[in-house]
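Heads up, there are several structures right after this.
Each of the two complexes below includes chain A, the first together with chain B, the second together with chain C.
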Partner chain A sequence: MKAMFLKRALQLITVVWGVGTLTFILMRSLPGDMAYRIAASRYGQDNVDSNAAALVRAELNLDQGALTAYWHWLTDLLQFKLGDSLVSGLPVMDTVQHMLGHSLLLAFAGLVLSVLIAVPLGLLSAWRGNPLDSVLMGFSSVIRAMPVFVLGVLFILLFALHWNWFPVAGFGSPAYLVLPAMTLALSLAAVSNRVVRDSAKQTFQSAFYQFSRVKGLSAWQTFRQHGVRNIAVPVVAFFGIQLVSMIEGIVMIESLFSWPGIGHGLAHAIFARDIPVIQGAALVMGILFVLLNTLVDLICLWIDPRGAKKL
Partner chain B sequence: MFSSPIPRTIVLKLNSGHRFLEDVRARKALSLAINRKGIARGVLHIPGSETEQLLPASMSNWYLQNVTSETEVVAGTPKSLLTSLGWKKNSQGMLERDGELFELTLITYADRPELTTVATAIQAQWQAIGVTTKVEVTNSSAIPMGHQDGSLEVALIARNYGFIADPLGVMLSDFGSNGGGDWGAMNWNNKKLSADLMTLEETSDPVKYNKIAQRSAQILYDERPMIPVSAYVQQTSVNKRIKGFRFDPFERSFYLNEMEFVKP
Partner chain C sequence: MKMTLSQWLGLSILLALLAFSLLGVSLSPYSLSEQNLDAIMNAPSMEHWLGTDHLGRSMLTRLSYAVGLSFVLSLLCMLTSSLVGTAFGVWAVWGGKKVDTILGVVVNILLALPGLVVVLLFAAIAPGSFLVLYLAISLVQWVEYFRVVRAITQGVIQSPARQSSQMMGFGRWYQFKRHIWPAISPSVFTLAAFGGANAILTMASLGFVYVGIQPPLAELGLMTVELFPYYSDAPWLLAQPLVVIALMVFAFHLLAGKRA
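Let's look at the complex of A and B:
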């Protein structure tokens, strides 16, 4: 256990440095002049001119060399300082914290919904077999094949514009959470139901499972005693892996539904070349990824203590 | 729905120092090739918003009453004007001169979504006269940047001439003495116009002001350092529960104090 935490702590440091450095290099290599981009974001699309850009350049000291800027960022980071937004001037920490709350809410709602969809459907596929299995698997392939924004647009068209059940986009009452969370949940469930189904099928066909029936346990008792834990390990591990696609999906979904989360903020910051906010948001996403993976490892360990040796 | 004309114009900013665009005949040919009525009706869905002039009719000092959609036709056709400059169509139907194709890069920005569709309409209309246009959708800041570093060839922009009620300030920054401005003419200088704009700064007599402004508008129309396409119409949708809405074309006030909630 101790070794695992040490390993994860080392990973965290590497991820923080790696993500920050990579973001820095990528943002510096983008075409276009930073001063003009930032000025356009500050003063409005049609109001930016070369004088405004020159002011921004002087104010933010954008003429300094890449290495100097990188060194400043690194020393600030060691002091846990993320700097201020180049556009709004507000501390990045506050901005990211505000956005993170909204993203976590959406991610949590999406994940819970996806579990509620994927687990029963996966178990049903494995238990009933064909033709239901093929229908459900085919349907999940269709959903997975669709980019997440297409799914979102379809939901907006149907549930917001056609039936008028939920708002199109934005943030406010819980009704605003429904469509983005459903979009995220469905795109996640389209893969995880397959993992649940495969894991369940494997367990149902295994010798120990068959034996427990032979020795006289009922179907439900067998499932509860010998099924749940065995099915759960690969499924929980997969949910951990899926967090990558969730972080990916959140950027798209938040932008589509104008959800004020970290993905939406990141997209806007990239357009505006607001490098401190981009680095801050990417760092938080990287840290989140390591932390969530650690959490998944711990849950797996709790479900199946035999795995401790592997970690 | 409220439709209010505002002093903003969709206009093509041209690099008049570019070897294909330095002659006014080339600029006129490109202007003549644009089907403004078609763009207003088919792309913008605001019939009647087409314009041949930079400033709207509401800014009467700067608006030429005698100019119509037919006025420019007197100069010739796109074909005759370009032929007089030595351009000939090649076997693919594209214009060529001394082995060089008439190719231009048109940049625009997506913050105003209509600009991208208008840009592609212009691309197709110029294609019809043999001009190859590459449309690049970028950030609005690429326009002042392209002006400064000289890389800009053509840009489709939406210029606001009504920052203040008198557009003279914008005209000075766009067509002043230094060969244009970030959002105005580029590599184009007209001494008469520069002198007129300077004189206007010190003119308070309205009759004299009108005369000089009209002369300036005529120079801009004749020389085409920028090609106007369409005048802006602000569309505002107002909820039935709101009474007393009115729109300020100079975008200085929302007149919130005049609005009230009523039962629909």
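Let's look at the complex of A and C:
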């Protein structure tokens, strides 16, 4: 337990350092005079003169040497001084907090939906066997071959533009959440239903499971007493692996559906070269990634206390 | 190595796409960015086999260029990351405790962030650069090879067969070829097939959010965004990049075999 928390804390530090360093390199490697570029994106191309550039230079400490600047950059970061957006001028902290709420909503909705899809289908294909098994597995391989954004584009074309059931993109009423969450859920479920199926199949065939049937428990009692937990361990552990694809999926889906979350913000900031926002968004994503991983570890321990010795 | 039927199928789809790309790029009479505003969004015809896009550019030329670009990137990333990952993986086991610890730290730093976020950050440094894209994707992907190769090699290093061949005085290269490579090669091939698919996906994803390869070059994700506004007038245009991406990824998955 202790070792696990220590490992995750170290990971958190590497995330902060890694993002900070990468964005620092990014800041230094902007072509041309940084102060002019930033002043141009802030005041418009026509209003830039050497005064404006000097102002920006003084404000952002751009005249320091590389090492001092790096040190300042990291100490600011550790105090969570993320600065202001170069484009809108708003504090990055507020922007990122605002975006995080939307991203969490989408992630949570997508995750719940994917569990609702993957678990019943996986159990069904393990329980029924062929031909249903082959059909479901084949179907999920086809979905798996599609990148998330292709899936999303197909959903928009069908449900939003052809049938007009849901709005195309944006944010507002709950109807806006349906398509992005469905896209995320399907792309996750197409992978995890196979894990549910394999895990369930293995449990159903194991000696202890057969024995509990032989000793007279009903099918449902056996499943509840001996099945659920044993099936759940690999499934939850796999979710830890799937977190990567979930966060990547969020970046793509938010950009596609103009969902005002972190991924959308990150893509936009990269396009506009708004470095403080890039840093803030990447930082929050990394921290989110580590926290969710810790959560998965904890749930695994709770389901299967035997694992505590291994960690 | 014996390949299953589905692996052959995957390989033939990939070879067909490769042939399409090579023939398309070399034989097409149109250039990549040659516009003809009198003939925009044409349906497939004798002059333009796959139609023309919203600027009257030949879709066949653009699609074959985009497919070629995806293949070049995925092959480069596969080669680089598998070589680096395998070499470091074996070295971590063979090179003693110190090497293993240092490599472990490096790997943990790389694993601390989701791969796409790392690639996005690199793409921010030099937008539209193929080289940076290639380096970033390889940087993310070699970790997978490293972890798998290291885990398998640990078992092989301890095996009596390898130890006796060391005691008989065979060199390290021979030991690697004779004992380690046969144990790791199936996993490396599977990882490479998935890695190829992932490289294509990542490049298309970046193109799709507009921070990857920049216009007027043709790239599958970029073409999807460019053609999306015209879906109702010319659905066959939007379908082309979508179908090709899905087909490429599917073929790589087939090639990887059962172990998903």
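Just so it is clear, the second predicted complex is superposed on the first by the 264 of 311 C-alpha atoms of A that agree within 3 Å, B and C clash if a C-alpha of one lies under 4 Å from a C-alpha of the other, contacts with A are read in each partner's own complex, and residues count from 1 in each chain.
Rule of thumb we're sticking to: a residue touches a chain if its C-beta (ideal position, glycine included) is under 8 Å from a C-beta of that chain, and two chains touch if they have at least 3 such contacts.
Note that this is a predicted model, so its numbers are computed, not measured.
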- Scan A:V87 for contacts with chain B and chain C and give back first, second, both or neither. neither
- Please indicate which partner A:A189 is in contact with in the superposed arrangement: first for chain B, second for chain C, both, or neither. neither
- Could you say whether A:M285 touches chain B, chain C, both of them, or neither, answering first, second, both or neither? second
- Message: Going by the contact rule set out at the top, does A:A181 touch chain B (first), chain C (second), both, or neither?
- Response: neither
- Message: Under the stated touch criterion, name the partner, chain B or chain C, that contacts more residues in chain A.
- Response: C
- Task: Classify the contacts of A:F271 with the two partner chains as first (chain B alone), second (chain C alone), both, or neither.
- Result: both
- Query: Just chain B (first), just chain C (second), both, or neither: which does A:A118 touch?
  - Reply: neither
- Kindly classify A:Y36 by the partners it touches after superposition: chain B alone (first), chain C alone (second), both, or neither? first
- Query: Can you list the residues of chain A that touch chain B in one structure and chain C in the other?
  - Reply: 271
- Name, in rising order, each residue of chain B that touches chain A in their complex. 109, 111-112, 138-142, 144-145, 147-148, 157-160, 181-183
- Residues on chain C engaged by chain A in the complex (per definition of touch): 108-109, 112-118, 120-127, 201, 204-205, 208-211, 221, 224, 228, 231-232, 238, 242, 245-247, 249-250, 253, 260
- Residue ranges of chain A touching chain B (in the complex, touch as defined): 32-33, 36-37, 39-40, 45-46, 48-50, 53, 271
- Can you list the residues on chain A that touch chain C in the complex? 10-11, 14-15, 18-19, 22-23, 25-26, 29, 141-142, 144-150, 153-154, 157, 161, 191, 194, 243-244, 247-248, 251-252, 255-256, 266-267, 270-271, 273, 278, 282, 285-286, 289-290
